[in-house]
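Chain nomenclature is as follows: A, B, C and D, assigned in order of appearance, with residue numbering initiated at 1 for each chain independently.
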Amino acid sequence: MIIVMSPKATPGEIQTVSERITELGYEPHLIQGVERTVVAAVGRDDKSPLQAMETMPGVESAMPILKPYKLVGREAKGEDSVLDIGGVKVGGEHLAVMAGPCSVETREQILGIADAVKAAGAQFLRGGAYKPRTSPYSFQGLGLEGLEYMAEARERTGLKIITEIVSVKDIDLLVEWADVLQIGARNCQNYSLLSAVGDSGKPVFLKRGMSTMIGEFLQAAEYIMSRGNYNVMLCERGIRTFETSTRFTLDLNAVPVIKSLSHLPVIIDPSHGTGHWNFVTPMARAAIAAGADGLMVEVHAQPDRAFSDGAQSLLPAKFEHMMSEVRKIATAMGRKL
Amino acid sequence: MIIVMSPKATPGEIQTVSERITELGYEPHLIQGVERTVVAAVGRDDKSPLQAMETMPGVESAMPILKPYKLVGREAKGEDSVLDIGGVKVGGEHLAVMAGPCSVETREQILGIADAVKAAGAQFLRGGAYKPRTSPYSFQGLGLEGLEYMAEARERTGLKIITEIVSVKDIDLLVEWADVLQIGARNCQNYSLLSAVGDSGKPVFLKRGMSTMIGEFLQAAEYIMSRGNYNVMLCERGIRTFETSTRFTLDLNAVPVIKSLSHLPVIIDPSHGTGHWNFVTPMARAAIAAGADGLMVEVHAQPDRAFSDGAQSLLPAKFEHMMSEVRKIATAMGRKL
Amino acid sequence: MIIVMSPKATPGEIQTVSERITELGYEPHLIQGVERTVVAAVGRDDKSPLQAMETMPGVESAMPILKPYKLVGREAKGEDSVLDIGGVKVGGEHLAVMAGPCSVETREQILGIADAVKAAGAQFLRGGAYKPRTSPYSFQGLGLEGLEYMAEARERTGLKIITEIVSVKDIDLLVEWADVLQIGARNCQNYSLLSAVGDSGKPVFLKRGMSTMIGEFLQAAEYIMSRGNYNVMLCERGIRTFETSTRFTLDLNAVPVIKSLSHLPVIIDPSHGTGHWNFVTPMARAAIAAGADGLMVEVHAQPDRAFSDGAQSLLPAKFEHMMSEVRKIATAMGRKL
Amino acid sequence: MIIVMSPKATPGEIQTVSERITELGYEPHLIQGVERTVVAAVGRDDKSPLQAMETMPGVESAMPILKPYKLVGREAKGEDSVLDIGGVKVGGEHLAVMAGPCSVETREQILGIADAVKAAGAQFLRGGAYKPRTSPYSFQGLGLEGLEYMAEARERTGLKIITEIVSVKDIDLLVEWADVLQIGARNCQNYSLLSAVGDSGKPVFLKRGMSTMIGEFLQAAEYIMSRGNYNVMLCERGIRTFETSTRFTLDLNAVPVIKSLSHLPVIIDPSHGTGHWNFVTPMARAAIAAGADGLMVEVHAQPDRAFSDGAQSLLPAKFEHMMSEVRKIATAMGRKL
C-alpha cells in the first residue's frame, strides 16, 4: 500500500502515519518528493485497515499494490488449468461448447434441442430449471421436473448437464442432478452462494456480474477456491454500459486480461452478451480468436415462442452454422472443436 | 408492445406477425408508415413472449409500452406510502436517519456509536453482523454475537435496528433480532432472497444494485410486494460509472425519477455512494433537497481503525455537524428531522 | 510516479528501470516488498515518459502520484475564485443563474424569454446561435441573426449574454457579441477550441463532456488558464451511464469533488443533465444544497414547439417556481439569489 | 414516432396531441390499449419537434421509430462500400492495416517505423503531427515538420499517409499532405470539423467517441456524407466503462452492429481500445474474426521512450508477429492480408 500525503501534511502527521503502519504490522518507508511525501507500507498488504488510513489527518489517498486474490492468480499457478468434468476437458487444446435453451420448458423441447446441439458438436447441455427473472410475474422455471428432463437428455446424448443455482437451499438437489453448477451474473457477488458451491466440490461455472470489475470477479472465484473447490470456469457475458444497440456490451477484452492474471478457463456467452441472435455468430468467432476456452450459447427450436430470452436464441440450424464458422477460427488458433 | 417491421418486410411476414399476436391473446393494429410498417399489440402486455417476436422474419425490433411492475407503481397508489416501523415513520413529513458503523466490531464500539447517533437525532442504528465482503479473506462479521450487541444498543437507546441479510438461511434469526432487514446492493436482484424477505413480512430496506436500472430496481421491489409485504424502502447508494474520483456515482436523479414512478419511500446512502467521508455531508444535504425521505450514513468512532469502509465513515462529531446542516435543508423543504 | 515491478522481475530488470528513471531526470527510490519491489520516481512527474516505462521488461504497472494540473488546482490558489462578468459575480456568496432557450429561434421568442427570466431573478441569458446538433438535418441555429437578437435582449433587460462557440472560425464574432463563451460537452476536449478561447481572454463557461473524468475536465480548464485566461466556470451537465430513465446522469458528486480539487466556480445544468423538465426543479435544489455556485436552466415559452430540447425546457411560470424553491435552499445554505 | 399517453390522459388531451401531429405534417393513428392510448405519428419522422411533444399534458413519452441517418444506412445502399485510396482498397476482400507511432517524433523514428510496418504488410502509415493531448503541458506534435517526414516516408515506402486533424484551420495544409484525414475520438461530435472534412472531399477516418452511441456515431458519419464526401471509414477504439483493467473497453460488438446498420467499412484500433501492448494481438485477431475490415495499430521502435502512448505500442518485431497471427484468422475468414 502506498499512502500519499497531502502537500500540506505536517511532519507530525507524517510521523503519525508511519507509526500507525508499524502498529498494523507493516514496515513504513518514507519517500520525500518534490511536492509531497509518500509513505510505502511494506508487508502482507491486507487492504482494509490500510485503506482506512485515508481518513487520517494529512493523508490524501491510499493506493493498493498487491493483488487481492491468491489461489486464482497466475502467480499461484503458472500454467493454464484444465478441468475434467466426467471425462470432458475444459481448458487446454479442446474448446468446450455449452448449448441449449434459456429455460427448460417441456420434455420434448429439451430432448429435441439436446439431440441437435449434440449433433452439431456441443459437449454440454445448458438449460434453466430455476430461473432468476427480473419480474416476479415471469415464468420462474420447472424446478425438479426440469432437472429430470435434463437428466433424460444426458442419458440419451451423453451431454454433460449445466444448470443454474439461484439459492443455497437448492444446493443438495442440484449437486445430485447436475454436472456443473452455474452461478448467474446477478449472483456473481452473492457470497453465501459462492461459499456454498465452494463447499459442494461440484464444478462451478461463474458468470461475471454486469458491473463486476475483473479484480472483483477474480475475488468471487477466490471465494469458491478458498473452500477447496478448484473446478472453476469463468464466464464473461456482457457488462452494463451506455450503449443500447446490444442488450449488454460483451467485453472480449476480459479474455486476454483474465488470461494474464489467472490460470482458470474463460468461457464467453455471446447470447446474453449481445442479446440479439444475429450478433451471436460473429462474436462467437471473435471470442475464440481472442483466446477463449469455449462458448455458452442459447439454442431454441422456436425462438419466437421461447418462454424467455427468445430474441437472443439461435435456431438449431443456425447453431450448426455457427459451429462450422467457429471451427475454422479454432483451427487457425491451433485448437480443436 | 410495438413491433417495428423492417422496410423490406413482405406482406406475408407482416401477416404472420399479426397472426402470432392474435394467437398470443393480443389484438394487432397495423400502422402503415412512409418507410415501414408498425404493428401494435394491444392487451395485457406480458413482455417475454412478445419480445421474442424479434426473431421472426421481417421484424426489426419490439418495443414495450407498459411498465413491468404493478404494486410498486404510482398508478396502483397515488399518494406516498408512509411506513410505520414500531412507531417510527418512514416517508411523509419526518425524515428518517439510519446511522452506525459498517460492521459491528465489539460491544463497546456499537454501544458508543449508538449513544452518539441517538444524541444527534438518528432513529435507526445500522450495523452489519453478516457482511458480504469482496474478498473471502476479509472480516465477515460477528454473526449472532453482533446481533446481540445491536439488541443491547436498541434497549439502551430506543433506536430501531437495521441490519443486512445475505442468505436465506439466516432469515429466521434476523426476523427475530432486527427491526428492518437490509438487502445489499450485490443482492438487489437475488430473487430467492427477495422472495424470502417478502414472505417474512418484516420491513425491508432494499438497496439498488450498482448497475440496476431504475425499472429493474422497481421490479425487485415488486418481488417483495408481490408476496404481500408492503413495508419496503428503496435506497440509492451509488452506481457504477467511468468516474473514479468517487467510489461509485451517487445517482440523486433517482430520487425524482422514483418519486414520479412509485409511491415507496426513497432513502439515500451518501457514504457508499461517494466512498469518501468528506463528500458525505454535501451529498446528504443534496439528497434531502432532491426530495429524499431519509439518509443512511456510516459513523465510526475511529474510522482509521474500522474493520471495513473506514474511508467513508464519519466521526460522531462530524455526523452531528452533518445533521445540523441537513436540518437546515429539511426546514427549507418543509420537512422535519 | 510509482513503478510496480512484477514478482518475477530480475535484479537486472530492476536496475535498468532505476537507470532509466535517472536518465529521465528523476531520482529512483527502491522499496523491497515481501512479494515485489516498487520503484518510486521522485521529481517533477511529467506523466507520459514515465507511464511508457510499463513496456519495460519486468514492469507490471506505473501509477502516477501528482495531479496533472496546476493553475486550476486548490494547491495553486486556496480560496475560491470569484469571477466578475461586467459587474455580475460568479462564485462567492451570490448564486449565478443562466436561463433561456436551447436555440434562439425568433426575435419575439428570445425577447419574451429574456423578460421572463430577468423578472424571475436570472442574471444571464443563455441561447444558442450556432448549434452543435447530433443530426446534420436538424436546425443548426440562426447564426449572426441570433446574436443580434440576443444583444437586443441584453440592451433591454441588462442580462449578460452566454452563447456557445462551436468552431475556432467563429471566435472573433462571438468575442464581439457575447459576454461569456460556452464550450459545449461535445467540445470539452476539443483542445484547439480551448486554446482559442484561452487566447481570447473572454470569460469561458466550460461544460464537462459526457464521458470526461473529473481529472480530465480540470486539465481541459488548464488549457484555457495556461493561455492566461483565468475567467473560467466549470459546468456539470450529466454523464453517460447505463441508466436510461434520465437522458444523462447528472453527477452532483462533481460539486464537492471539484470543490476539493479546484478553486473555480461550479455551475450545474439540470436541464441537460436529466433531459425531462419535471426533474429540473428537484435537481436544481439539490445542486445548490451540494454547494454549487449557480445553475444553467433551459426555459421556453412553448416547449412543445421548441426547435430543440423542448422536452427538458421549463415554461416561464415553472422557471419562476423553480427560482422560489431554489431561493429557500440558497437561504438555508447562507447564500443569496 | 410513437406518442405514449399517460393512463390518466383525458380524451381532450389525446385530441390535442392528434391535432398537433397533424399540424406538424404527420398523420395521427390512435391505438386504444387496455391501460393506455398510444398515438402513432406517420410521416417523414424528423425527431426534434415530435420529441418535444413529451411536454404536452397527458403525454408520458415519445419513442422514435425511424433511423436518424440516411446516406450512411444499409437501407440507402445494400452492398458493402469499398473505398479506393489511391489504389489501396478499404472494405471488401482485402483487409486494411494502418500502423505507426502515436506521434511523429523525429525523421529517423518515422522512417524506421515506416520501413518496418511496410515490410510486415501494412498499407497505411499512421502518425500524429498535430496531437490532441489531455494536458496542455504534454508534447503537442511537430506540426508541418512532422507532415514532411511522413511524406518522405510515403515516397520511400509507398505507404499511404493517415494523420489526425484537430482544427478546421489546419484543413488546407492537411488536405495537401495527407491521404486520409483522421478525426479523433474527442472530436467525433465536433460538427464544424466534420462538416469541414466533408467539404474537403478527402477520405476520412472517423473514430467513435468514447461515449458515443452507435446511432450517434452513424449520424456523425452522416455529417460528412451529407456534404457529398462518401469516402468514410468508421473506427471503434474503445468506450468508457467502469472497467479499469483496460484503458478503455474495446467494443467489438460494434462490428456486427454497424455492419447490420451501415455499408461503411469498419476498422478496429486495439491499441487505444485496450491501452496495453500485451492485449493488442489477441484483440486484433478477435476484431478480424468479428468481421472488421481492418486494423489501426500503434508501433514504436522504443515504446518506453515514446513521447505519447508508449504503453500501448508494439515493437516492430511484435507487430510482425501480430500480422502473422492476424493473417491466419483472415484466411479462416476468407479474406486477404
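By our rule, a contact is a pair of C-beta atoms (placed from the backbone, for glycine too) under 8 Å apart; a residue touches a chain by one contact, two chains touch by 3 or more.
None of the values given here were measured: they were computed from a predicted structure.
Visitor: Per the definition at the top, count C-beta pairs in contact and tell me whether A-D or A-C has more.
Guide: Higher contact count goes to A-D.
Visitor: Computing the C-alpha centre of each chain, which chain sits at the greatest distance from chain B?
Guide: Chain D.
Visitor: Centroid from C-alpha atoms only, then distance chain A to chain D, rounded to Å. What do you get?
Guide: Measuring from centre to centre gives 30 Å for this pair.
Visitor: Centroid from C-alpha atoms only, then distance chain A to chain B, rounded to Å. What do you get?
Guide: 25
Visitor: Using mean C-alpha positions as chain centres, tell me how far chain A is from chain C in Å, no decimals.
Guide: Between these chains, centre-to-centre, one finds 38 Å.
Visitor: Indicate the residues of chain B shared as contacts by at least two other chains.
Guide: 211, 239-242, 244
Visitor: In the complex of these two chains, what residues of chain C are touching chain B?
Guide: Those in contact with chain B are residues 211, 213-215, 239, 241-246, 249-253, 255-257, 259-260, 273-274, 278-279, 282-283, 285-291, 328-329, 331-333.
Visitor: Could you list, by residue number, the parts of chain C that touch chain A in their complex?
Guide: Per the stated touch rule, the residues are 2, 4, 7, 29, 31-36, 38, 40, 42-45, 63, 65-66, 75, 240-242, 244.
Visitor: Note which residues of chain B are touching chain A in the complex, please.
Guide: For chain B paired with chain A, touching residues are 20, 46-49, 51-56, 62, 68-69, 132-139, 166-169, 186-187, 189-193, 195, 209-211, 216, 219, 222-223, 226, 239-240, 276-277, 303-311, 313.
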